[in-house]
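Order of writing sets the labels: A, B, C and D. Residues in every chain begin at 1.
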């Protein structure tokens, strides 16, 4: 981390970049948050540890409007989001100096809590995690504290960067579509019950939308009057019901499966399932597609072939 | 708030018999924005339109809803009516309570309820309508005719005679089409070539007509008044500017075993060939598939014998890009394949032929020099059987569901000609129905029976079986005599169903002209706009639109020409104002809309904007209204909803949905 | 529903044929190998069904002269398939007589070497499900 | 009579102006009946139909939504219905994924010449919706217990 900080400071000091986009120390080891650093003093607060899960690419939209270059730290999976934003002209490559930072799987305090520990005072980001609690010390295996998304890691490669820092590790040890398949196998009643239970937790805090690098519209359709679907207050109930389906549809073919939506949901709704379902369908019907892998690729919903499957495929045994 | 007038049409009894129009009026009055509602016998009539006009003035209407027939029928009528009375034409919406309601429902209460809902949806939409201004687009004063048969030639001549430039694109090496293959024509029995050739010559010599033979349309873009077309001029391997048409090359060409397309495969042609003697242009082409020079590199006889030095083996396909204001499709027909009709032994016996093949056999320039003879052994037939409706009027997948229309008449012609020239030959025609609507047509058929002694038997043939002695056993039932017939014939002629030339499918796709399940092009209205495609600027001529004979084809060709002339006579066309429109405050500039635009109408530019006090440079989508055709593909691709479609906006469509589901 | 109409409906149901699609082309009669021995000709079958006169059809010689060769079914341009109609009429008669479907295993012992092949084929066609 | 026969579903049919709306007109002028439950909304092209419209219809009480366009390859705008095909496949799959009966949505290609197909399609779709009964699953999930 010190090496990364030193390199960032060096680039800041020699004027290569005007600011650094990274993570700031939080109250605890486990809650670093995204931040811009413009001075050496501010850089004192800079941190990069195994809890730095936040995807910083979306902040580059605002950073692209600022004078000078912004140094941005991107993990391998974040670099896909960056590329996708680049493909959609939302950010300026010239305004970014990318340090591709190494990642060995990011940790989640929620996972630590899920292991049954209460009254957590401090936690390390080591393997295993050493946890100090009101009730004594404990250990949690690294893998067990890792975010779900890291179990289906996209790999060690950064798809875009100016320089690399640190080692990465492919932490995938699970089938990416396993959960989607499990739901697909349910009866309509079970599916409905599952999503009813999950979605009824939603409080429309918009955290998923705000964090999502694909949800980067200047003004969300749910906030505009273009579809008579505006206002968070219940003028009508339309947006409440359809928000998540529409959101998933709007990012379909553009979502890089970064998993931020599920990570930030205060209610723990597995929102990534909607996106993964679309990704799985797209892969099955229109060929393997990873948003952000190639800036020049044609998106699956902005292209077609004359031999595409008919929508009736859904009722004829589903998309396999 | 709009001030809306609702006008409910009785359409005589077409609507009023099933829909309680008074009730619709009454219910409409209760809808938001409605300040006036009334009904009338015929809204589209002069008096009906005057009623609308009076209401616009009297009630100061800002929008109107007409509950009547399909908007495809009278939307234009009511829009111009509104315009006459000072209302923007795009403030008019139609509730289709005839085709979509009164004509399909029997129960009055049910139909009335539905009509009320349809009216409500239209009212909800008009509440959100905004006045739109139609733009203008230019008209390229040149027409393209695809297909150089009698339909295409006639259309081109008529357009050219009116003073406009016309190009004909013909895929074979010569214009002339199917008609050039025919021997005689009904009901006058004049020689087909004698009446066609002068037209071909006229077309070739006309200063306004340019003919591209051995060429195909490869790409079409643009829209009415301003099409851009790529024409592939296939390499002829002969320099048309040097060739004198002497024909020596064809005589000397050593490769003479290619079945002649012109003679329907009944004779052979050389590798370098003109399809027939009167071909226009009289410039041969080298069939590179058959040419020894192209296959082995050795030969070059034609080049050696050509005095003019016209042979050019190195010639390449050429792409010509040209602009047109109108396009006429005249791609014609072919006979269907008979592979699935084993019972007629077409593939087993050379003596079973199609009627089109018989035309070639009867023709003096044909494979038998006009002698009626069996193709198997060259013997003169004594007994000829004609079978009608082969593949026509079939409900099964083997044939076509429609009547091919021309077969009854040409069979009568064939029967008559044979009996006239060979009185000792017996001619039997097996028919299901004899259909002869047309001037002098039934008289013609009766002459075949009464004067020429052609034996007509009602009953479809069940089977044709080649016999060891070379004859053909024809098995049929005489339905009027109630007896089964087994007769020996020397020759059997099949009145084979016709179908649109297979090339029409690709052309229709390029032109986005709609096509029916039989591959016939659809007309804009089956009765009122029979020579226009629903796609603006595309017109139909000849059999590509439906089976028809020569007189009908020529008549339709003229009609299509008149429509083209009417279009080309205009200097400007008003464009559809229902185009896509981006909201610059919402646009992300992400580029997805341009990816789905079929017209390349969307571009991006960086502009300074003021977003509620924030001034910044943004990359924004811009729509070219002259190019946008208003499909709306971009509106759904746009994640922020910045792109909307005028006349069919998100809010308008949602209002309709809400009104229907209320 | 009258008995007449009922029977006509039954014929349509069993055969799956729609007699109203017939355009009276006579290709069935042209094709039929048993034409001369039939009193009601194949192309007339449909008229009897249209009129609801199944009784006459049931009484006819044709019922037992049809070989079920299905040449008419094969060649009918309108998918009316008179062979199926006569077959259906035959089934109605058979059912009335109390005879009904044979089970497949009951067939071999009944097979007589002198039986015409057509009969067997027709039987198999009818009993295949 | 069973309950389903008395149930009159609300059905929204989006029809493209060039093919399917004309097909519906042809069904009308050919007097080919289909239930009055079907109400048609005219759109220029099937690709104009935003999934939001479909969800909106369900939310407002529709029991079935059908989208009709030109046959693939015959789109008046060349390519519109190809995008429709992908979009609707995705949407329908998602609705199926969350447990909405997949018979409630349908896409059919109906040309201007296919009045018969339009009518049989609508009859068939209405029968399907009647058999599925009232749409309850696209209600507000949070308001249900």
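Before moving on, here are some points about what is shown:
Methods note: contacts are C-beta pairs under 8 Å (C-beta built on N, C-alpha and C of every residue); 3 or more make two chains touch, one makes a residue touch a chain.
Fair warning: this is a prediction, and the values are worked out from it, not measured in the lab.
Set against one another, A-D and B-C show the most C-beta pairs in contact at A-D.
Mean C-alpha positions place chain A and chain D at a centre distance of 35 Å. If you average the Cα atoms of chain A and of chain C, the two centres end up 70 Å apart.
Centre-to-centre separation between chain C and chain D, using Cα means, comes to 42 Å. Among the residues of chain B, those touching two or more other chains are numbered 596, 637, 650, 654.
For chain A, residues touching at least two other chains, in rising order: 221, 227, 301-302. According to the touch criterion at the top of this document, the contacting chain pairs are A-B, A-D, B-C, B-D.
Within the complex, the chain D residues that touch chain A are 50-52, 55-56, 59-60, 72-73, 79, 82-83, 85-103, 105-107, 137-144.
Put simply, chain B touches chain A in their complex at residues 583, 585-592, 595-596, 604, 611, 616, 619, 637, 639-642, 644, 650-651, 654-655. Chain A makes touch with chain B in their complex at residues 65, 87-90, 216-221, 224-228, 250-251, 254, 298-299, 301-303. Of all the residues in chain A, the ones that touch chain D in their complex are 180, 183-184, 186, 188-196, 199-200, 202, 221, 227, 229, 237-238, 240-242, 245-246, 248-249, 252, 274, 277-278, 281-282, 285-286, 300-302, 304-306, 308-315, 318-319.
Interface residues of chain B, counted against chain C in their complex, comprise 343, 389, 393-396, 398-399, 432, 458-463, 475-477, 479, 482, 484-485.
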